[in-house]
Amino acid sequence: MTSNESSIPGSARKWLRVLFATCAVLVVADFVFDKHPHFGFEKLPLFHAWFGFAAFAFIVAVGALLRFVVARSEDYYERHNGSQRSAMPSEDAEVEPEAREAEDHRRV
Amino acid sequence: MRMRENTILRVAAKSLLPFFFLFAFYVQFHGDFGPGGGFQAGVIFAAGVVLYGLIYGVDAAKAVIPKPWVEVGVALGVLIWIATGVATMLEGGRYLEYGKLDVAHPVHGQHLGILFVEFGVLMAVASGMTLIFYLFAERGR
Amino acid sequence: MFEAVPPGLFLVLGGVLALFLRGSLRSAVLIALPILGAVQLALLPNGFSMQWQPFEGYLFEVVRVDALSRVFGYVFYLAALISVIFSLHVKDTMQQSAGIAYAGSGVAALFAGDLVTLFVWWELTAVTSVFLILARRTDRATRTALRYLVVQVLSGVLLLAGTLLHYGETGSLAFGALGLGSLGRDLIFVAFGIKAAFPLLNGWLQDAYPEATATGSVWLSSFTTKLAIYALARGYAGTEILIPIGCVMTVFPVFFAVIENDLRRVLAYSLNNQLGFMVVGIGIGTELALNGTAAHAFAHILYKSLLFMAMGAVLYRAGTVKASELGGLYKSMPWTATFCIIGAAAISAFPLFSGFTSKSMILSAAAEGHHDVVFLILLFASAGVLEHSGIKIPYFAFFAHDSGKRPKEAPKNMLVAMGIAAALCIGLGVFYGPLYALLPYRVDYTPYTMAHIVTQLQLLVFAILAFLVLQKLRLYPSERRATILGADWFYRRPLPAIGVRVGIACAFVYLTLVGMAAAITRRVGHVLRKLYQPPGPLGEPWPTGPAALVAAILLVVYLVSVYV
Amino acid sequence: MFAPLADWASSLEALTEHFPVLVVVLPMLAAPLCFLVRHANLARAIGGLAAVACFAMVVQLLGRVLDEGVVSYRLGGWPPPLGIEYRYDLINTFVALIVSAMAAIVIPFGQNPRAFAVPPGRHNVVYAVYALCAAGLLGMTVTGDLFNIYVFLEISSLSAYTLVAIGSERRALMSAFSYLTMGTIGGLFFLIGVGMLYQMTGTLNIVDLSERLADVSSVRTLSVAFAMLFIGLSIKLAVFPLHQWLPNAYTFAPPKVSAFLAATATKVAFYVMLRVIFTIFGRERSFEQMNLDRILLPLSVAAMFMGSIAAIYQLNIKRLLAYSSIAQIGYMTLGISLNSESGLVGGIVHLFNHAVMKGGLFLAVACILFRLGSVKIEDMRGLGRRMPWTMGAVLIFGLGLIGVPGTVGFVSKWYLVVGAIERDLHVVAFLTLVSSLLAVVYVWRLVEVAWFSKASEGSSAQTVREAPLAMLLPVWLLALASLWFGISTDHSAGIARLAAQQLLGTAP
């Protein structure tokens, strides 16, 4: 499953335009309004804008790397529970979606 | 019951009985001034009944003083004693404050109170003792 | 009459009562309980105190109402009401009863004026809440529930141990400002820290909340951790070490949330991150910061339960909340999607939403205290919040690629509950006056300055831009089925492994001892039975003769003992 | 038109003056009346009314005592050392409250006709004896005259023997006889003690006696008198090892009688013991000269253990409760022997608490016997499902016996342990806690049988119904009381503390 569809539907296109417009307005606003900066770094032009962009990108990048370290297959804990598991087979690990769905309806 | 045939005992007992009861009442009324009172009198009174029962048989005794009377007597005796105390309270005194029974002559009231109370005690004790005798006598049968 | 009952006790008793009720009467009682509670709280003045002195010299302050506990109290009742409505359709009566009793003990803990009372309710929140996980009735949930209970009870035990040490030191049981510096108070700090999900103590949160039932996690998200925040604010306001702890809490969950597949677990990470903001606020400890913490807790409970409700509705209808199995649900669940987006906007602190009016107080407090690094970290974490809660949750659940699932819209009661929460998220963002009026200290703060709005929007909008760019470049990590190891790994994997070896050794020694003890016990039991079981000499009264003799002997013995 | 009302008010006020004596007179009056009416329900109404009225009067008196201090009433208007005086201070008003409350609970509520050997037409006798017993116990409690105590002791004891003997169990008569023998020996010891004191001082009024004893130098006679009184009362109180009359008496008496006697008779004996030790002889003489703690402390600890262990092995629930009572009496006497204020508070408050718990338990047993027809623990399998309210109450009382926080039992154990620690008797404190664990065992036996085991096939435990409301009501009243006084201790432990201070002479 890839992340997104290459063809963007029309309604989404509209929202994209709104977003870009907002970005533009905010860039202009940055120079119009006084920001009452507390710290030196806040005086940098468009500090919050690029900080937000960078932070987001950084988080996603680190997250992607983190996946190599901490991601395990879905039944990781169940698989390694050893004898305990064989005694009590887990119902929830890899059940048919339909079955689980039905079951969840019953329980939830 | 051989005793019933024993004439001497029967006659002696019968002639003694009035003195039993007389003595009982003597002890009862003497209790106002000296040793004596309802408790002792009651026992003596009951002794008379017991003697009669022993000589003439329990049934004969019961014919004279029926068991239900005795039972009621116990309760009534206690009741009289307590009621006297309550009466003094109703007259505005303390519990058993006999003086209040005759407000005009407290000393007379004292006598009256003691008389009632001792009568109640006599009745309760005499009936109680007789009752115990009856109950024991019944058990043997 | 109201004053005679400690706040929260209504709910606990009502929960028990509800077990015996059925149908609409039960629903009415359940809904009435939190409302009744809130009314009672409104009637109690600040400074109200109810004391219990069971023994000379031990004074327990069972109820103590002041501004700080009051603000938490109201939001707890509000959350309880919303959660009740959300779970009205549930047929499993145990869940609602456990939930309302859990909320009640949480409220009662807020108003505990001494540490022993706090401990009692503290433990009761643990005991009642575990049913919300058990109610899932799967094997996996049962094991999770056990782990959860162990950690929660451990927190309670630490609290009790700390309390006793503290009492030994100072002779006081009062729950006021404690501060670190003695073993007792440090233990209490750790006890609070466990429930507040401090770094490395947070495993239970990500472990347990996603395993609860669809409605259970809504209950869970509101009370336990916020109770801990309250307790920290009461006992450790201004404790410096809380600032770095809070910073770590805000940052680290963010990375884990990016790659987590289970959306309710994403919310659990996000919850942890939000707690970080509050912990930082407590650490700064100024009036503005504490106000911010209280306000943020208030707003947070509402939008976090809104998000958990949205995911609960998805779980209920679609049977899963795995990002990899969802997508495109907005077509058939438009209301849920809308409410979810409102919640997402609130947690991301968009202007006009509740997160904005509360979180910016903490940021301003950091700025006023000239904590520049802290400020940057919080700013960074804000971008992180937007990433996982603002975008990931609604995007993967309701939009993204179409999973083809077309579940029905959520049941009415769920929609009503979500609607109330959503309305409050917007309401508190626009009319923040009443909330500010409730805060423990006088508020002299205006959230809506042009500078605030512009900088906040810049941060958020450009972060969204980053998301779009990354998506376009196909750099955004795709959702993938996986288990993400968190702090719970430590006690789920290595600890049991070590435990097994130690356990075998212990078991050997133990069994030997038990064997010996059992043999001795059997022998003793045999003798006792012979002596005491009715025909035995001590199990039956003696005949009158010997009994009277004993009395005579005792008299002699006593008199002799007096004269000798 | 308001004159009659005013009249009423003033006569009511005049009546209030007589409450101190009416507390005894009313049940005494009710007894012969019950006997005379010869109708069970009428007698029940009379006895019940008298008991309830007594309770109300004692409550009023307690208020007065708390406000004004000692309330004294002179019988016949004679001044105290000469005449008899009814004297209410905190400790005996507190005990009178317990006695009258138990009477008010036990007498009016439905008696089980099967429990009595008396033919159905004569049940009025039962109420007469109840009322007489209550009158005797109340008289013992409130009188300020030592000989009067003896008289009332005999009245209450004789009626208690009758109550035990009236039970329909075959062995009731034998156990009543054994009770009578031991009780008479106890009464005799007491009487000898009283006689010696009279011989030395020439007075029988307790207050007067305590003052005159201060000048008495003949230590030897005094010690013997003390020992006589102490042993005599120990028999009445069933202090280990003088308890032999108790298990059978409680076992074979009708359960309601056991409830009444367990909650009142031993309690009043305990009160008289307190009176003798602390008021007449005084703390100093009792403990320093007579070394009371040297004998009472080991006996108390032994009672705690022997009673509890014996309770564990019993097969009959009434016997179990009877042995548990012996252990609980051990806690009470432990409170005396600790010779400290906290200890004494523990003893006194346990007197109250034990009355509530044991009274309630025996009343619950009455429910069980009524429905199940058996009091064997074996037969109670699975009874929890059939009689949830009864067994639920048993559980609550059981928790109290163990001393779980939130129940009355906890409060008394707390004070006892604190008292022991104050006197540096850490071993005793520890043993007190250990003996609580023994209580866990015998309570658990009941719980396990009632809730965790299945009724055996065909047993009547499978089919019985819950006890009737009239029988459950008093049980639950006491169960709620045992919870209420476990949480709100102002009225139990608070009064006990004041009473202890009064007894020790340390009252502020």
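Going by the order they are written in, the chains are A, B, C and D; count residues from 1 in each one.
Rule of thumb we're sticking to: contacts are C-beta pairs under 8 Å (C-beta built on N, C-alpha and C of every residue); 3 or more make two chains touch, one makes a residue touch a chain.
Note that the coordinates shown come from a computational prediction; the quantities given were computed from them, not determined experimentally.
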CA centre of chain B versus CA centre of chain C: separation in Å? 82
Roughly how many whole angstrom separate the Cα centroids of chain C and chain D? 49
Indicate the whole-number Å distance between the mean C-alpha point of chain B and the mean C-alpha point of chain D. 34
What is the distance, in whole Å, between the centres of chain A and chain B, each centre taken as the mean of its C-alpha atoms? 105
Considering chain C alone, which of its residues make contact with at least two other chains? none
Think of each chain as a node with edges to the chains it touches; is that a line, ring, star, complete or other? line
Each pair of chains that touches is included here, namely A-C, B-D, C-D
Residue numbers on chain C that touch chain D, as the complex places them: 52, 54-56, 528-529, 532-534, 536, 538-544, 546-548, 550-551, 554-555, 557-559, 561-563
Which residues of chain D touch chain B in their complex? 14, 18, 21, 25, 28-29, 31-33, 35-36, 73-77, 128
Using the touch definition up top, name the residues of chain C that touch chain A in the complex. 90, 92, 135-141, 213-215, 254-259, 261, 312, 315-316, 318-320, 324-325, 367-368, 370, 372, 375-376, 379-380, 383-384, 386-387, 400-401, 449-451, 454-468, 470-472, 474-486, 492-493
Contact footprint of chain C on chain D as seen in their complex: 177-178, 181-182, 185-186, 189, 223-224, 227-228, 230-231, 234-235, 241-248, 289-291, 294-295, 306, 309-310, 312-315, 319, 411, 414-415, 418, 487, 489, 493, 497
Give every residue of chain B touching chain D within the complex, in rising order. 71-72, 74-79, 82-83, 85-86, 88-89, 92-99
